[in-house]
Each structure stands twice: as C-alpha cells, then as structure tokens.
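In this document, chain identifiers A, B, C and D correspond to the written order of the chains, with residue numbering beginning at 1 in each.
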Amino acid sequence: MPVSDVREPIRVGVLGARGRMGIEVCKAVDAADDLELVAMIDQGDGLFSASDAGAEVIVDFTTPDVVMDNLHWCVDQGISVVVGTTGFTEQRLERIRGWLAHKPGVGVLVAPNFGIGAVLMMQFAAKAAKHFESVEVIELHHPRKLDAPSGTATHTAQLIARARAEAGIGPVPDATKDEVDGARGADIDGVRVHSVRSAGLVAHQEVLFGTTGETLTIRHDSLDRASFMPGVLLGIRAIRDRPGLTVGLDPLLD
Amino acid sequence: MPVSDVREPIRVGVLGARGRMGIEVCKAVDAADDLELVAMIDQGDGLFSASDAGAEVIVDFTTPDVVMDNLHWCVDQGISVVVGTTGFTEQRLERIRGWLAHKPGVGVLVAPNFGIGAVLMMQFAAKAAKHFESVEVIELHHPRKLDAPSGTATHTAQLIARARAEAGIGPVPDATKDEVDGARGADIDGVRVHSVRSAGLVAHQEVLFGTTGETLTIRHDSLDRASFMPGVLLGIRAIRDRPGLTVGLDPLLD
Amino acid sequence: MPVSDVREPIRVGVLGARGRMGIEVCKAVDAADDLELVAMIDQGDGLFSASDAGAEVIVDFTTPDVVMDNLHWCVDQGISVVVGTTGFTEQRLERIRGWLAHKPGVGVLVAPNFGIGAVLMMQFAAKAAKHFESVEVIELHHPRKLDAPSGTATHTAQLIARARAEAGIGPVPDATKDEVDGARGADIDGVRVHSVRSAGLVAHQEVLFGTTGETLTIRHDSLDRASFMPGVLLGIRAIRDRPGLTVGLDPLLD
Amino acid sequence: MPVSDVREPIRVGVLGARGRMGIEVCKAVDAADDLELVAMIDQGDGLFSASDAGAEVIVDFTTPDVVMDNLHWCVDQGISVVVGTTGFTEQRLERIRGWLAHKPGVGVLVAPNFGIGAVLMMQFAAKAAKHFESVEVIELHHPRKLDAPSGTATHTAQLIARARAEAGIGPVPDATKDEVDGARGADIDGVRVHSVRSAGLVAHQEVLFGTTGETLTIRHDSLDRASFMPGVLLGIRAIRDRPGLTVGLDPLLD
C-alpha cells in the first residue's frame, strides 16, 4: 500500500476568535493549506466545542483573567496551545510547567511577541553586541503611542547591555560635554535609546552598532497587525513537537 | 578671427594655505581644469604676493582675528573673496557691506557651511516643513563630538520651526504620557532632535517628515572634509558675478 | 456689525464616491473641519445633485471614459474641480483649457499624483540633480506590482536627466567593467534605476545623490492609499483661488 | 608570591608590513595594550627575524605567490598565523591542513574578509533567510569599482539561496510582467542583487527580508580600510587557542 506524502492538515481552534488579533488568526489559519480551522470560540462559547471538533492545537488570544483557566483545560484535554495573551508572570509560567509535568505529550508556547522580524532583530542585536564598542537604539512609532521608549526597544537595550557585560565590554564611548536636555536619548542600562514619533509611521526599530571604520544596522519595520501571523503559524506548526513549556519564539527560529 | 570658446581659467589665491582646510582647497583648485592656483599664502607671507600673481578670487580659511584685515585688503584691491573662516557676527557683516559699497565690482561670499548636501538638506527641510504635521531631526556623529545636538541639527530645527510658524501649523502631534527621561530627544523650538554617537560614524543627519500614510526623509552623509570642496569651488566660480555680500551658499544653489 | 473670522466651510461634492479612492476622499473631507461633504455621487446618480447641494468644489475620481463629460458639466456650472482620474493626454488638457477660457472664475486641478511627499521628492530631486555628479534611483514595492521600474521612478529619473542636461553635467561616473546582467539596474535617460520587490513593502522610493565625500538621499515611504488625502485636501482648499487649468500638485506646494 | 593578573602581551610579527594593509595592521597592533609589535617584515627581509624576535603570532598580508612559503615556514617554526592574503583554493587549504597535522599546537586562520560587520551581516542573513518569503540584496560602492555585484554581495546571495533551499522555501514572489532591462537587478541563484555606484560612497550593503506586513533589514557600512582591523586583532587574540586550520572569521564570532 503506497504511503501518501500528503500530511493531514493540523486541526486548529481559536480562543478569542472575535477579538482584534483572533480575527487575524482565524483568517491566517484559514488561508494556510496545511492548517484547518475547526473551532472559533469567544466569550459565551463553551471550550468543549474545540475538543468536540477534534482541535489538535488551540491558539489563545484572550485576556489575562481567563487565559489560565483556558490553558488548564487545554492541557488537561491533551491539546497543545499557542498563547499570545499578555500578563504572564514567572509564577504563572511555573504553574503551567506544573500542569505539563503530568502531560508529557503536550506543548505550550507562550510568546510576548509573535513578530518573527522583531524576535530575530533582538537575537541578532544580542549577538552583535559582543563585537562593537558603540551601540544605540532608535525606535520610531505613530504619534498616538503613550510610552517612550517602546517595550521592544527597552527589552532590546537590556539584552544588549547584558551581552556587553558578559563580554566584558566597558561603557559606550561618548565625549558629549555640552548637551541640550534629552538630545542623547534615554539611558537604559547604559544603552542610549531614542524615540521618534511621527504621523505616517507604524512601528519601526533600528539598532546601530559601530566600531572603527564600520557600522552594522539592524532594522525592523512592522506595517500592520498581520505581521504577527507568520509567527503564530510557525508556533502552530511546531508546538506539537515541542512538549513542555516554550517561552518566546526564539527557540523555534533556530 | 575665430572666437575661442575656451574660457581663461580663474586665477585663485588661497589664504591659510597650510591649514587643514587650506590644504584641501589648494588641492581642489589645482585639480580643477577651469581654475589656476596662483598663490598659497599663510602666516608670515605677504598678501601682496596674491595681487602680484594676478589673483582674481581669493579663498580665506584663516582665523577670526586676521580675517577682517584680509578681507579689507582684498576688497580694497578689487579682488573677490570666498570666506570659510568662522566667527562672523552681524556687526562684522555690516562692516564688509560698508567696504563693498565703494567697490561695486567686487563680491564677497561668507559661508558657515560649504557642504552642498548640507545646505540643500536645510533648504528642502524648510520647504517640506510647511506640508507635514510631524517632523523630527536625527543627527549621527562620531563619539568624540562634544556638543549635542550638532550646530547643523539645531539650525535645521530652527528653520523648520520658523517655516511651520509661518504656515500656521500647530504643535507636532505627540501623545507620549510615560517617558523615560530623554527618550523623546531635545526640544529645539518645538522640534524634537535626537543625537546618536557611535564609532564608525562621521557626520550624518536625517530629517523625517510625516503625515497621514506617508513619510518623507531627507538624509545627508558627510564622510570627510573633502565634502566641502565642491561648495568652495562653486563659490569661486560664481563670486565674481555676484557683486556685494552674499551670506551662505543658498543663493548660489538656485 | 462684527466681522467673523470663522470662514464658512467649503462645500464639496465627490464623483466616484463608491470607488476605492472616492471612499477615502469622502472620509477625509468629512473629517476636515473646514470642509463639508454635500454630495456623494457614483454611477447611476445624476450630476445635478451636486449643484443642487451647492457644491463649490467637486472631486473627481472616476474613469477615463466619463471624466471629460463630468469636467465639461462642472466647468459649465461654474464649479471648480480637483481631478484624480487618470488618462489625461495633452489633447484632453487642451480641451479643458478651451472650456475654462469662457469661465474665468473656475479652476481645474488635474494631478497624476496626489502624494505630497512624492511630489516634493521629485521637486527636490530635480533641484539636487544640478549639484551632484552621481545619482541613482531605488524604488521598492510589494511583489504584486506588474511594472518595473514604477511610473514615479521613471518620471523621477527623467526629471533628473533633464536637470543634469540643462546644467551641463556629463555622464554619471561608472567604472563597471565586469557586470552580471542587470546588476547596475535599468538605464532611464542615463540614470540608473533599481526596482526592489518584497512582501511587507508598500510603495517606497529613494533617490541617492553623491559627490566627493558626501551623499544626499531623499526617501519617500507611502504606506497606504490614505497618503493621497492631504494632497487632495490641499487641492480642494486651493483650487477656487487658482482659475484656469493647473496640472500637477507642484504649483500648490510653492 | 603574588600571582599577577596582568597577562603578558602577545608578541606579533607582520609580513607585508609596508603594504597598504600591512601598515594598518602594524598601527593597530601597536595601539593595542595586550599586543606587542616585535617584527615588521617585507620583501627583502628574512623571515627568521620574526622568530628571532620571539613572535608568537604572525599576520600575513602579502601576495598569493609568496604566502604559501611564508605559511610553511611559520607552521614549521610553531608560530600561529593570521592570513589576510587572497587567492586560497581548496587545494591550498588542504596543503596547510597537511602541515598542521604534524604541529598540533599551531593555529592558522585564513579569512577572506576581516570586517566583523560584514561577517555578521552574512551570518544574520543566512539565518533570517529561512523565515522570510522575500529577500533582495542592495550593495552600494564608489564609482571606481570594476565588478558588479561585489564579491561580498554575490557571496551573501549564495548563502541566502542555500539557506532557502534547505528550509524548503520556493521562489521569491515577483509578479513583474513589464520590465525595463535590468530594473530587477542581477539574478544570483534566484536572489535579486542590485549594485549602486556613486561618488561619496565607500562600501555598503543592505539585505532586505520581507514577509506579510513586516520587513527586516541588515545593513553594513564600511568607511575605510581600518574597518578590517578589529577583525584582525580578534584573530590574533584567538588563534593560539584554535589549533588547526580555521577558515573565515565566523567561528571566532560565536
């Protein structure tokens, strides 16, 4: 009997299916040949409809107050989960690890950022940080943003600072004597971060590294919410083969 | 008798010929087919050697304490001058205008910046400023620079602020509520300016304009001192046809 | 009797109101305090409803086969028009000029591109072209685009070539001896143009000018259709004060 | 007796010390606190002066016709070598491996490119290639360059093509139907490469990756020959701890 090389599509359920992100996830799953959207669940719907429909992976873009119950139920049912909901503390992650200890075949991916480009930017920045004496971060966003710097920029600067410390690199060279307040940006663990706000921008970040006679720049431009979908799909495709808890998209990109 | 279309080269003398900039000017004049270097003068040399050599244009890259005497002598001799020396106050410019009033055929160009790219960047920025609600300036320099922002960036921001005021444009939109000190840069007349310092950089500036759905960016990269030479040569070629005092390279670029 | 300084809003009608661009125009007019949307007209609606509603300016984003009839009617009614419909030949423009000759108070603006950023980019490029020996154009678009280079890039290169010719600048320096086919881009009137196609891009263009030791880069990024709206609004606000035919947004930006 | 934590400087000899690169290497070694320049050797000088001076590492920037003899002698003497000379074929590398087999304590680093930034750019590009459907390479150089694309750009494109093939990614999406010859660049193993040439540039490269809604750009700017020195110093510091043959800077950057 011939063995077919056509793999069955992965059966996917979406929690928070009517939310901003959930809608995008449903569209992306629907459009992917190797995935099948079998359940769209939101407030008021029962989770069991996902198991009834035979969901193998569940994507959760809900809210911090319900996500732990959702996760507990999924793990209990033996269904792997890709979680984009925010608000995960180390304590919460520890509880999930506890549940998973009893379900060796189940995988849970909790990722604060599903933008593949953003995650690679941070990986590359952490690696380059060990080889350049100078580094600065410039993030650029639409003018309705409330915080400056962005969370991603702050996180990037912290990763860079840690990599420099590990490599034994001293402070960034800077002879500035005469500064108009703020010109040199915010100081995040010794790394200068500049926040640009302008109409016509969405979400962009540039990390500039410099040493004698050369610079290396890593830039990420995100144009819309859809930019998270390749990362979500990557998670759906990979999570059943990664039992236990995976935090962040990084391990899936190696 | 046939009329030749080969114009005689312009005879050029250089004051401050052994200084950093003077050396570059001598090289650039020497390399130009339509210019002839007839006098290289520095401390201890007499100015008259320039007139003896028939200099038609003199370039002055000396120091604030001698430049006014040099200029007075040149104007008196009827020789046009291109001045890159710094330290010109409105008072000094007024004195030069006084001398030139008696010498209708002589032109003097005093320019704080001979970089054609930098001057065009500022012209374009002032023009674009009237058409975009958002604008920020990012300047990037080597880490040995003492001041932040750079003089060029401050000047650019002031030109932009003035153009916005004239066009009746209100403040740049910015919803920032939660800022780590310095993240949003220095405030120069309402325009945010960010100063990046890194090894591997020389002198760079970017002006970013934004409105609904689009941005316009003007960027200038200056790699070395030689970048001022095209502007100096432009001045030499034009100054005899511009009697009186010309301040800045702008009018020559139109 | 006190004179009010509150100007009456301009009454605007939109032809092609249910088309892609028309919908955006209606939204933008509606959102502007100084404009009032009084008529939304599309296929099957009568033009007279615009005049009945007292439209002072009509915006036309229809199709080449109906636009001339629309224009004739508007001019006849004494209503000024802002036209974004494509397909205008010199012959068509001549006919419009003929109609306008009899209606001294009416203005018509026909613009192939309402992106203020794109129009400024071309203006700046034409100006900078006279001062740099090197220049190249890089345009970047989404991968569904059919033509390469883009119309804007071709037009920009032609403007640059013309400006160089007028300034008497010779060919761009280029020592390339050993080229893999296509590496040096397309040759548009002696200006090299490179077309980049990538997912995640929308519509972008960069013009790079270079001379000894410095480069000047003008970059335009357009993220969505909405980027044309500031240009359309600019046209609406200005056209009643510009009787006769205006071609292109340029004159309104000075 | 107190143990000193001050390590003895590494004693370094330079072959080709009067060449363009050799001069820079001598300066860089001389300026580094942890290195000591003990021999500067060029044509006509005997190699033994390096061993007499107690060189522990020798840097070779000579020519393809003498480098193999130099290397043989160094390995024979038990001195580790950092080689920047060009012209290494697989055959030559095999011969070096043969010599080193008998000298277990000696390390040889042969690197075609000592620019840390360029090497990281290629590493990052190869990694990102697996995660983006679109990718293009844009390299920008001074107009005196003879080949297009540059060797680095060609190599980068090949690395990307190989990574895509391994990840099972199909052709880059591109709907271009109507192309002016050359607009879409050179095709290097299915990756489009664009070569920009302009006065005012030195050596620059940009790799642009794109997927739905986002792009990731890696850019390297090299301003002068000195940019290779941090890579050469890295090699000098590391090579004694890496017995055998090391090809390329990559392994030293991990």
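Operating definition for what follows: a residue touches a chain if its C-beta (ideal position, glycine included) is under 8 Å from a C-beta of that chain, and two chains touch if they have at least 3 such contacts.
What you are looking at is a predicted structure, and each value in this text was computed from that prediction instead of being measured.
In terms of the distance between Cα centroids, chain B is separated most widely from A. Its C-alpha atoms superposed on chain B, chain A is turned by 180 degrees; the angle is given in steps of 5.
Distance between chain A and chain B, defined via averaged C-alpha coordinates, is recorded as 47 Å. The centroid of the Cα atoms in chain B and the matching centroid in chain C are 33 Å apart. Chain A and chain C, compared by their mean Cα positions, are separated by 39 Å.
Multi-chain contact residues of chain B, defined as those touching 2 or more other chains: 132, 200, 209, 211-215, 221, 223, 227.
Contact residues of chain B toward chain C in the complex are 115-118, 120-121, 124, 127-128, 131-132, 209, 211-230, 234, 253. Taken together, the chain B residues at the contact with chain A in this complex read 132-136, 138, 140, 143-149, 154, 172-188, 192-201, 208-215. Taken in their complex, chain C has these residues touching chain A: 200, 202, 221, 223, 227.
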